[in-house]
Amino acid sequence: MESNDDKFHEECGVFGVFGHSDAGAIATLGLHALQHRGQEAAGIVSFDGRQFYSERHIGLVGDNFTKPSVIKRLSGDRAIGHNRYATTGGAGLRNVQPLFAEFAGGGFAVAHNGNLTNAHTLKRELQLRGSIFQSTSDTEVIIHLIATSEKGPLVDRIVDSLNQIEGAYSLVALSRKKMIGCRDPLGVRPLVLGDLDGAYVLASETCALDIIGARFVREIDPGEMVVITDGGIESLRPFEAAKSRFCIFEHVYFARPDSIIEGTSVYDVRKRIGMELAIESPAEADIVVPVPDSGTPGAIGYAEQSGLRFDLGIIRNHYVGRTFIQPSDSIRHMGVKLKHNANSSVLKGRRVVLVDDSIVRGTTSSKIVQMVRDAGASEIHMRIASPPTRSPCYYGVDTPEKSKLLASRMTVEEMANYIKVDSLAFLTLDGLYRAVGQEQRNMEQPQFCDACFTSDYPTFLTDKENERASSQIATLVGAS
Amino acid sequence: MESNDDKFHEECGVFGVFGHSDAGAIATLGLHALQHRGQEAAGIVSFDGRQFYSERHIGLVGDNFTKPSVIKRLSGDRAIGHNRYATTGGAGLRNVQPLFAEFAGGGFAVAHNGNLTNAHTLKRELQLRGSIFQSTSDTEVIIHLIATSEKGPLVDRIVDSLNQIEGAYSLVALSRKKMIGCRDPLGVRPLVLGDLDGAYVLASETCALDIIGARFVREIDPGEMVVITDGGIESLRPFEAAKSRFCIFEHVYFARPDSIIEGTSVYDVRKRIGMELAIESPAEADIVVPVPDSGTPGAIGYAEQSGLRFDLGIIRNHYVGRTFIQPSDSIRHMGVKLKHNANSSVLKGRRVVLVDDSIVRGTTSSKIVQMVRDAGASEIHMRIASPPTRSPCYYGVDTPEKSKLLASRMTVEEMANYIKVDSLAFLTLDGLYRAVGQEQRNMEQPQFCDACFTSDYPTFLTDKENERASSQIATLVGAS
Amino acid sequence: MESNDDKFHEECGVFGVFGHSDAGAIATLGLHALQHRGQEAAGIVSFDGRQFYSERHIGLVGDNFTKPSVIKRLSGDRAIGHNRYATTGGAGLRNVQPLFAEFAGGGFAVAHNGNLTNAHTLKRELQLRGSIFQSTSDTEVIIHLIATSEKGPLVDRIVDSLNQIEGAYSLVALSRKKMIGCRDPLGVRPLVLGDLDGAYVLASETCALDIIGARFVREIDPGEMVVITDGGIESLRPFEAAKSRFCIFEHVYFARPDSIIEGTSVYDVRKRIGMELAIESPAEADIVVPVPDSGTPGAIGYAEQSGLRFDLGIIRNHYVGRTFIQPSDSIRHMGVKLKHNANSSVLKGRRVVLVDDSIVRGTTSSKIVQMVRDAGASEIHMRIASPPTRSPCYYGVDTPEKSKLLASRMTVEEMANYIKVDSLAFLTLDGLYRAVGQEQRNMEQPQFCDACFTSDYPTFLTDKENERASSQIATLVGAS
Amino acid sequence: MESNDDKFHEECGVFGVFGHSDAGAIATLGLHALQHRGQEAAGIVSFDGRQFYSERHIGLVGDNFTKPSVIKRLSGDRAIGHNRYATTGGAGLRNVQPLFAEFAGGGFAVAHNGNLTNAHTLKRELQLRGSIFQSTSDTEVIIHLIATSEKGPLVDRIVDSLNQIEGAYSLVALSRKKMIGCRDPLGVRPLVLGDLDGAYVLASETCALDIIGARFVREIDPGEMVVITDGGIESLRPFEAAKSRFCIFEHVYFARPDSIIEGTSVYDVRKRIGMELAIESPAEADIVVPVPDSGTPGAIGYAEQSGLRFDLGIIRNHYVGRTFIQPSDSIRHMGVKLKHNANSSVLKGRRVVLVDDSIVRGTTSSKIVQMVRDAGASEIHMRIASPPTRSPCYYGVDTPEKSKLLASRMTVEEMANYIKVDSLAFLTLDGLYRAVGQEQRNMEQPQFCDACFTSDYPTFLTDKENERASSQIATLVGAS
């Protein structure tokens, strides 16, 4: 959908409900609320005590899971679901989660938000032992590890498997008796627990609890595994203790502004980011204009702190489809105009502070700046609600390779020239840490994963080091 | 799509381009920019000097007109297009415009924004003469009138036909030699003229000129017909002179905020509406919160005028699909939560001014108010950016029947109780006229059509008076 | 489907049932039995006392009308249906019959087997009066004639209309009160009446009565119109008396061998054709081999008369789809092999009498002969179960233009050389008349329409004479 | 398609071509010629030296593999394909063959005609080792055996795997370097080798060679494996020597009559069957009538031997679709009438010998007999071109369970009463052996697999003995 919008993209959202007679419909609503975390495809697996049911579709939840027939097929009082972002090499339906396998001991479904940094290496080993892969998803590695584990009971097999993997993951899984939720030891990706009239709910964000009217109970801790059965919920700590490294970019951009993360409102954090930005990088200007929608809370904060007027100088068209055909008599900045239009009555003759959440390749920023300029802005002072993004993410976020990141090859001044603004400023790393409630970044033991700003990756990157391994992939291909 | 959102809905947007080698792609972009005027279906007819090409699809422009094969089929240097809103009795593809007919004199396509108030009466007469209708669209009446007109040249036949119809219309039509644009004598619906590197462009709103980089030339006048040929543009005034009665609700809600209407920015009008509202109906409160997105400019105006803080207390989920299945254990206010979620960190403990554009049935308003209350707002003062809507529209807007309009059966105080707010105020009619730049409403000769507020309909309503006639419709049915 | 098989093709089959609670399902079965008369598309219109229901689909009855949902939608105790052959210029769904129109007096559906020879001329006149056409089907001319007739009651309007048309037609029509069946004055196309437990049935052939277990009552007479209502059946003779000219090619090829036409079994006629052929053109040979399936009864008759052995020297593959891709390393005679394969154990070393029903372009015949030769036949004596087809049909049969007909440009001897057989013989015209039970052809007043053999067309060919008129067609186009 | 026709059904046809620039198109034609061996689905995998391409579709070859885009995607000079019959528990696309897996050593595709009798037992063992299955096809067992084999080179791994399986199989497989063909040691299913201008071709039957103009080289021997590479063809004999037990029912019904099996024409065998039947069980009658199409060669043989007249007393409608809706006013014998209609002019007043290939449940036979009786036959003497089928097949043929087989619970006399014929006779087992060219059945070492007549199964039936094992199936499920 929006794959050309020059943003980082979260690759997934997960959801689970256990003990509710409408589990399938509940999961559909939960995934709808998490749609911002992945728009390519969605899937739900339910279980009714005898049988598993699976519905997986390319496209939005609201387009594919709203027919009564679909919900009716998702029978049972427990269900897990998954939203998936459109990644480049994506291979159609067989990569849509939840993945499901019948083990010798019974059925097992898993939905995964995150990314493993040793998936290729493990896959190669599994293939040499004779495991045949059906998808190109790293989630399937987890399934084969569980299938071939020599431990006995399912939970032990899962723990055995997770101890072999590196990277970031928030998992929701479903077996015949259990729903399991788990975050990696660093807790890079979010996962929260809710309660809906006695039913247990797991979700990537609290906004998915709100839509179904569930009560927010608590976050799943980094390194925690919860095992939910008819008998209740049990909490395990199967991993070595580690300091949490939550993804700070969830606060900047990924999470929905109405979600609560680590006890803090995402909207409040983003407004504080705007305020910090106004303090660090004020501007002589007439109005503060957001690049909607992601820049809006920051712009409100900036305006409030600076006393400048907040105005909608750019109007967003929310009807967006696939790639439009570019007329051969090329239209200037057509791509950006499909989604944004300058509101010239606001901009004309004004000195504008333009607030956006981040700059990735810089392509969209350049076009938006030009559009604002064409609409009559006399000066443009761009303010970015995060530090420069210099490094790719290996933990479940779709980012361009390093060389494509504008901040990896230019100074701020060069970037200002490139996108043609009168001034450009990024939030400092410490400003960002302050906005999320820290005094400053702990350089020894950073409180967050901020590798996209700092290149300080909190796990091994085994596959990256063994890239040879990745050239031979063993896959049992499904549909043509 | 959003047919349950309890709003008035514009039924159509029209677009045309003449003299551009990429006419098909240009029309696609234009319709995309006008998507807010109709989401059910879209169609484009082009002509390449020898043949007409037609593409009509149920669904969004961005979903159906972005394949190269579709654009390639729309060959030629002229094209007209149409967006259609999902009306209740809609009968599938055969009602999707532009409608096309081969007359004895050659092909003719027409796209129509508006509604005729004597369509049924005319249809009945045409059927008795032996005309067979293929659609249930009133636009087809115009086509049959032209086909059976006893005048000679096409333009004369069109004028002859338009002189027989009552109601509101902005038309764009295409014949082998001409593109024709026309507004009804009262100019109820908008239509503008643009220039794209020498090609003529017609569009419902200026935002459709912006997306293609066309220059805004002027509005087509009420009662004006422009005839565009290879030789240039000619302006005709074929109707009796009349005072303009532009639809004031285009300013309130229908038009995109970045469009310019009658020389005024829609966004500016909406901010001024908010300011008038703050002057007329101030509130003791902490924050001003819009019901997004339509309430946002009004809320910004209200906040600016009142000095209260503007904050996003409701977050909108822009991923919306068809009707979701309501779980049988009913979720409170599920419908509204699919699109809106309360941002509790903003609302908790606050006295809130809640700004929306209008109240139609009141169902959504009640749910939003309850959601805001549940999120912790201590007081809710609702301010509506228009007068009470008491009467249905017969000029191309989808409105419920009169008895379903909350304001037609309750006083403002009763409405406040019904939707459970601490206070409720609507903008006055004069306040609205002031916001659009008039001193006050001219009671003798109102400057606008404001019948939805006043029941003062500017045309005859022949069909309504002859409702018997409408029971027998003559239609040649297409696909099953 | 089989449009490349170098045969004449019947363009339509019609069916109707009145007074049976399962009218929709009955019509589906009837059309399935008539599938050989048209494979491109099928449609059914039913009426339940209040409303008409229409289902029209591209493809086979067995593929599109077997879902319970489709049959359920075809509510009511009366229904008419139509099978359509894939004609070249066919314009998709809008030409699929039954066509349906809402007249001022109510709904009207019609299904038509045949072809009008003055359709273009009438269409032109209707367009000049302002009628707008939605299809390119000549059946729609009839509908517009009825709509614009100045007579009063429906039956009078129909008679008025049919009196203006020339050509061949067997019609089945449905209004709110009546089912009407009608054959043109010459009775070129068949139409029979049946009785199913008191319900009236109309069908192109008796095989459609057999499948539903209906009793054959009688043929509708040439020039007869039957009007069926709740009160019973009434027979009208609204046309000037004329001598019957039934299509003799129905006996040769179009009709199903298990149908009874004019009191005679089609299978028996075809066997007698084979016998006549054996008498007229015997051959020194070992075996008689049919080109299946159409040549089979003739071959059985030839074998029986001649005393030669009947054997299946060619095996037909009944699974046929759209046009296969020809490998670039061209496979010899690929087209014919998709449907036929030589059975070499039968053919090797044998002198073969090869029996086919007709030769059209000669392309398939050449390939079959070569295939039989390649399989080892020592001699091939081709015997054709009809006279040479020298002229196109204008009465509802898809035939190539005259210059493409092999027999129109070659003598029999030249044809034998062209298709490379050791001998070639066609049935004589008198032989054919004998086979259908006549002593001989009455040269003054032929008993059949045999224009494809004789160019003796039994009606005016107005359109052909006014071909200028056909260049301008007025059509209201439906879906893109 | 024809799943209700009360016949045994071959479950598969296989095809392969190696060394031809149009491999994809060639494979499509080959599968089209083998369509009678499986109509549910078809698939082709090709390889172009770098990459494998897979196309798998539900439905007929002629409906799904004829688009240029499909053939274009099947790039490369080698391809294998598979037709699949509609089995009851079939699980959609993931069971459509060829199955494809990426092993550690590269890609591997396999297409399989036959059935394993220890598949469940092996699957259970593989799952306990951690193999995850994606389909419910027993073919996947072979793939997992190869993946987990501890042998080195691919051919050794395949042999290792095949040595563990029991049952019947003719395989065609494709790796990066090789095309492999293999028949089980008993040679139950057919597989032939052909030559197309130097390219190697493997196919279930010779009719697939005919359609592409390939030369028949020889049959693959029972227990033979051929390995085809760029260097040529190599023949291996990796299994213990065994006596051949070819499926005798291939001669009776499965194979196409124009195929050559074991040096004999299938058509000739079927005519000889009819002759044997006439000798063993003559009848006082007027005509011999086949139940078309499968009974036709036998009926021709019977007529030739007996001197009775051969006539088409039943006409087959070759347009067959999915299950039609039975009207609630039940039509007598509707099911059988969809495909067959009595030709009453042939049957009326006649004593009829009715020849069919086999009686399975007896349901269809009863209805056909009744239909023939209703059409006026005075006597019906049914003659069956095979011995009574008393036992299910476990070697790749879809048969009802034993208790559903009419011959397993009735004597011939009881059967005659049940289907209401004047006399009934089956071919004797020795008669059948004579017809296929043997003096008689060797009771010690039968020359064929005739288990459906004799219950003499030539392999172990391990799964049947371990049915407990089959209740737990381990499957990695693909699409929902």
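Order of writing sets the chain letters: A, B, C and D. Residues in each chain are counted from 1.
Rule of thumb we're sticking to: a contact is a pair of C-beta atoms (placed from the backbone, for glycine too) under 8 Å apart; a residue touches a chain by one contact, two chains touch by 3 or more.
The shown structure was predicted, so the numbers you read here are calculated from the model rather than taken from an experiment.
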Over-half contact-pair match to B-C, picked out of the listed pairs C-D, A-D or A-B: A-D
Chain centre separation in whole Å, for chain B relative to chain A (CA means): 36
Averaged-CA centre spacing for the pair chain C and chain A, given as whole angstrom: 63
Distance between chain centroids, defined by C-alpha means - chain A, chain D (Å): 51
Shared interface positions of chain C, touching two or more other chains: none
Overall pattern in which the protein chains touch one another (line/ring/star/complete/other): ring
Chain B partner contacts - residues on chain A that touch it in the complex: 20-22, 25-26, 28-29, 32-33, 35-36, 39, 60-68, 71, 197, 207, 210-213, 256-258, 260, 265, 267-268, 293, 296-297, 300, 304, 309-312, 315, 317-329, 331-332, 334, 337-338, 341-346
Touching residues (chain side chain B, partner chain C) in the complex: 43, 53-57, 93-94, 99-104, 124, 127-134, 143-144, 147-149, 472-480
